[in-house]
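Presented sequentially are two complexes of chain A, the first with chain B as partner and the second with chain C.
Let's look at the complex of A and B:
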């Protein structure tokens, strides 16, 4: 690469899990916002926003000339598609810039009805070869999110995907999932229930990661590996950890990534603010190697805070004190994390409000 | 000629040679989950040719499963497999990836294409789109209930294949869990997945097959065969690749007999077969997602009616 040519700065896409988070991210310089409306996106309902809040965020982002994407990435039932399209039409008239979708059928329908609306292919499709990108391009998509697996996010691999005519997007911060996104049915195998929903979807398959977004996160729980002879090894966590690719930002942008995305519609506004602020600075100084390192270290600490949140998440799901300590121990043993844990614990209002809601949902089905 | 089709899947030539394939009408060849699986029929032309000849001589239909999650570097291998299939004139190719599907449609228009369960087919518009790409049979996502599958089958006028017995795939990862667990650093595969590794937690019992995680329980639909047939399903699969060598033959024979009885209008009593199936499967039974429940639940015929 010719050092004289500056790296093209990727756009920064951030979660708008609440109006507060959107306001904070806006102040810190986010380019694109994404949010889903309750019942229609892959998030537990406690972390979703209703239409009024979405429209408020939409107004705010439009006023400042930013973009907003509507997340419609569940695998809907056939009879839900007309209602989904009606919702998209309504939001299109309100001014959204793109829809994030994952089903080929829905993508085709959206493109057929609203040809001028951009379509962002969701991470749930796990598109990871050129032919697949072409497939979605033919359906009408203009931007594709790459799967959140480390090998897929290698700059050399991404170089091979560039140049098909669809933009490439990737998660800079997120969970590194055990299975390919959208190809994991562990949660619904454990527990799935058809429950009545107060949204337009009428009923939902609670427990299915693909169809509802409420996932039991089996891969984050401890399990035992039983060998053929019957020997048992305890204490395995299937998931590898979290994705934080800050140090790779420059090679990835050089390889052709146009949009970097931050996962976390469930994060409190304060945390979104911090991550967005630092990622913004990192993107702005992309060609400046010296300043990069300093931010990267700070950002990695932040991601560790996210792991603390995950541990809390588990604690609430498992509802057992002992498993809480099992999950929290590795974090507490590190001094930096100790401080971050304390910080997290110091925001009880958020924990009470949102996690309690989530816990209620879990109670409904966790018989 | 029976008015149903019973199939199974086999990964290597030696597995076909030692499996009793007589109860089946068709066989899916090749491991769609891992390209490193040794002697994988999908990677080995000579073995594939021999397997096709063997099945043809037994008057079986031959389908080939292509690799389900190809990255960009795997596309050449997918293309190679498609050309072998065309050359060997196999009856159909099962495809789990839309990229491979597009390639098959554009470069090998003569091939008959099936869409597999890992392609995440959930709705009718998706199926209609896949039909444009040449799909003539689909295996809907395992999470779909029987009602949803029936609606898709009727409204889209397409063959829908059902898993009636065997373990479900509950996820595919890009790395091998077994290699990772044993910190196996060499490139060559030790075929760890051929041994019985299980994942056990307080709530679940799973079988791990290297890159895929499978249900610990076997899906068993013998009790519900009358309902399955009433809903008009005609194509059935028995998954037996992670089992011992007698599994496919034994289960296949039971289901062939049961299906012949149930479709032939004879008296069909599932309880003649259920105890034997329970004995064959080394774990409990479940119904998968067919009745909109958790995947690991078992619903009896009495609870359905």
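Let's look at the complex of A and C:
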């Protein structure tokens, strides 16, 4: 470490899945908040907030001098674009700092109509090379999220992407997506259904990860595999771990990452609060190797909790075929998550127990 | 009416089996480890053009989501396409479209199946940037396709037959740690992955393919009537016989200008694909019309 050249600290972008989560994250030192309005972002509607709650979060963040980005990163239909632009205009007038979008056609329209509104290009675009970054810069974007794949998040790779004129952003915590974001139709191939829900959008494309975020997460499911030789086994063969790149924060920042993002609008406020607290400390002590290790350990425990909660969500999601379960999900899911978080934090033996149970379920492959 | 086929390399199919096609889109854009791959190797691209360039319009398919480290190779392929008489190149993103049009303005550029064209706004942007044609995202339905075709000047390419990719990964599924230093070639056969009682996909290297093949034969007259004029056969995992007969049947139906396919033609097409056929999950109102047992 060279103390004469301190690492430039990246900004911390956090999910505002609810007013409560935003308040907690604000207290813990988040710099930027992102949130989507019901029906318009890549989250099942159960985890999205309505316009009123969004405006409350916006007011709160503005009062404390923080930034808020509006998430509009679905792949909309042609006939939905005018309504999407109207919503962006309304929220721009209310004071959002940027819009997160993924459709090149929509990004061009946003820049044409609101040239002073910053555009953050979503992870959905899977921008892996300088040509993509230069294109989005020309389209009017100021910040691009890099794909959630380990090869793309290698500091040596990121160094090659720096200097195109757009800022680089990445997920520090999140799912390590097996397939490229925005280029996976696996869930919709097996399950897509066009339904009308209670949002303003024309249809909810249930089953599509790209169009409504209502992904059935086939990559995390157990399946039966027949190898080319005829051998059959069962397992979670497409499952991968989670991104938890805390120990790489310094080299990533040195390579040119300007914003680090935490995934999890669907997670309980208590958990978001703890992740934000630890990540804030980690960023603030980026040049201090000794304290970093302590925070990394804490954060790794939280990522395990995130995995256990995700597995619970998946179990409920599996029942979402029926409208009864779809409607009841938000009612039982949040209290369940909160209880689990409280137990996890309070009792280390419970933590170990749940983690072992999770590993047993996740890794079983009967050959 | 143009009938094109995607072909992984110059060795997979002979010229007679391709005789019903007007255009060949050559290259395996998903994997740098695929041997003699025109998408990643300029020698292979030049070789493919030498083999087929005199008899067909040849389009070289550039990689999907190439990493920065791979761009040098991709630039060499573009250069080779330009110098060896390719009609054009296929790209899978807007960044590569912009770059290809700047580097080789004389080449035609078409947008591939992973270009994320979901709306007429995307198609208009691609057209303004110089793309002549493109394949819309496979999960959009016929109604949306008609809107895009109507509202944008870019020609839409309709994939009419063959299994199609439903996901693409940086990781090789045959080697969970990533791309193997030495390719084992297991992807050539592929694993069959089944979710629940009847939901199958084919996992092959870095790509997951639909198990059932697309067969839009019954819809061709309607598509032609709606103004679609470029049709593609996805030849990626087909054999010589499948390629030849598919081309023969599609050519015969297209040449009859909108009249319905005969029963024998429908039956022969269906018989070509042992995994079964479907009309594409994006043409129905409720997903795969043959799958009831979802989740």
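The criterion applied here is as follows: the second predicted complex is superposed on the first by the 314 of 367 C-alpha atoms of A that agree within 3 Å, B and C clash if a C-alpha of one lies under 4 Å from a C-alpha of the other, contacts with A are read in each partner's own complex, and residues count from 1 in each chain.
Heads up, the rule we're going with is that a contact is a pair of C-beta atoms (placed from the backbone, for glycine too) under 8 Å apart; a residue touches a chain by one contact, two chains touch by 3 or more.
Remember, predicted model here, so these are calculated numbers, not experimental data.
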item: When chain B and chain C are modelled together on chain A, clash or fit; value: clash
item: First (chain B), second (chain C), both or neither touched by A:55; value: neither
item: Touched partner set for A:236, first chain B, second chain C, both or neither; value: first
item: Touched partner set for A:160, first chain B, second chain C, both or neither; value: both
item: Contacts of A:83 with chain B and chain C, given as first, second, both or neither; value: neither
item: Which superposed partner A:108 touches (first chain B, second chain C, both, neither); value: both
item: Touching partner for A:134 - first (chain B), second (chain C), both, neither; value: both
item: Chain A residues contacted in one complex by chain B, in the other by chain C; value: 75-78, 81, 102-106, 108-109, 124-136, 138, 147, 149, 151-152, 157, 160-161, 178-180, 182-186, 188-194, 205, 207-208, 210-211, 218, 221, 223-228, 238
item: Residues on chain A engaged by chain C in the complex (per definition of touch); value: 75-79, 81, 102-106, 108-109, 124-136, 138, 147, 149-152, 157, 160-161, 178-180, 182-186, 188-194, 205, 207-208, 210-211, 216, 218, 221, 223-228, 237-238, 240, 318, 320-321
item: For the chain C and chain A complex, residues of the former touching the latter; value: 64-71, 93-99, 114, 116, 118-126, 137-141, 144, 147-148, 151, 166-171, 173, 178, 186, 189-195, 199, 201, 203, 208, 210, 281-282, 285-288, 291, 294-295
item: Chain B partner contacts - residues on chain A that touch it in the complex; value: 75-78, 81, 102-106, 108-109, 124-136, 138-139, 147, 149, 151-152, 157, 160-161, 178-180, 182-186, 188-194, 205, 207-208, 210-211, 218, 221-228, 232-233, 236, 238
item: Chain A partner contacts - residues on chain B that touch it in the complex; value: 69-75, 97-103, 118, 120, 122-130, 141-143, 148, 151-152, 155, 168-175, 177, 181, 195-201, 203-204, 206, 208, 213, 215, 289, 292-296
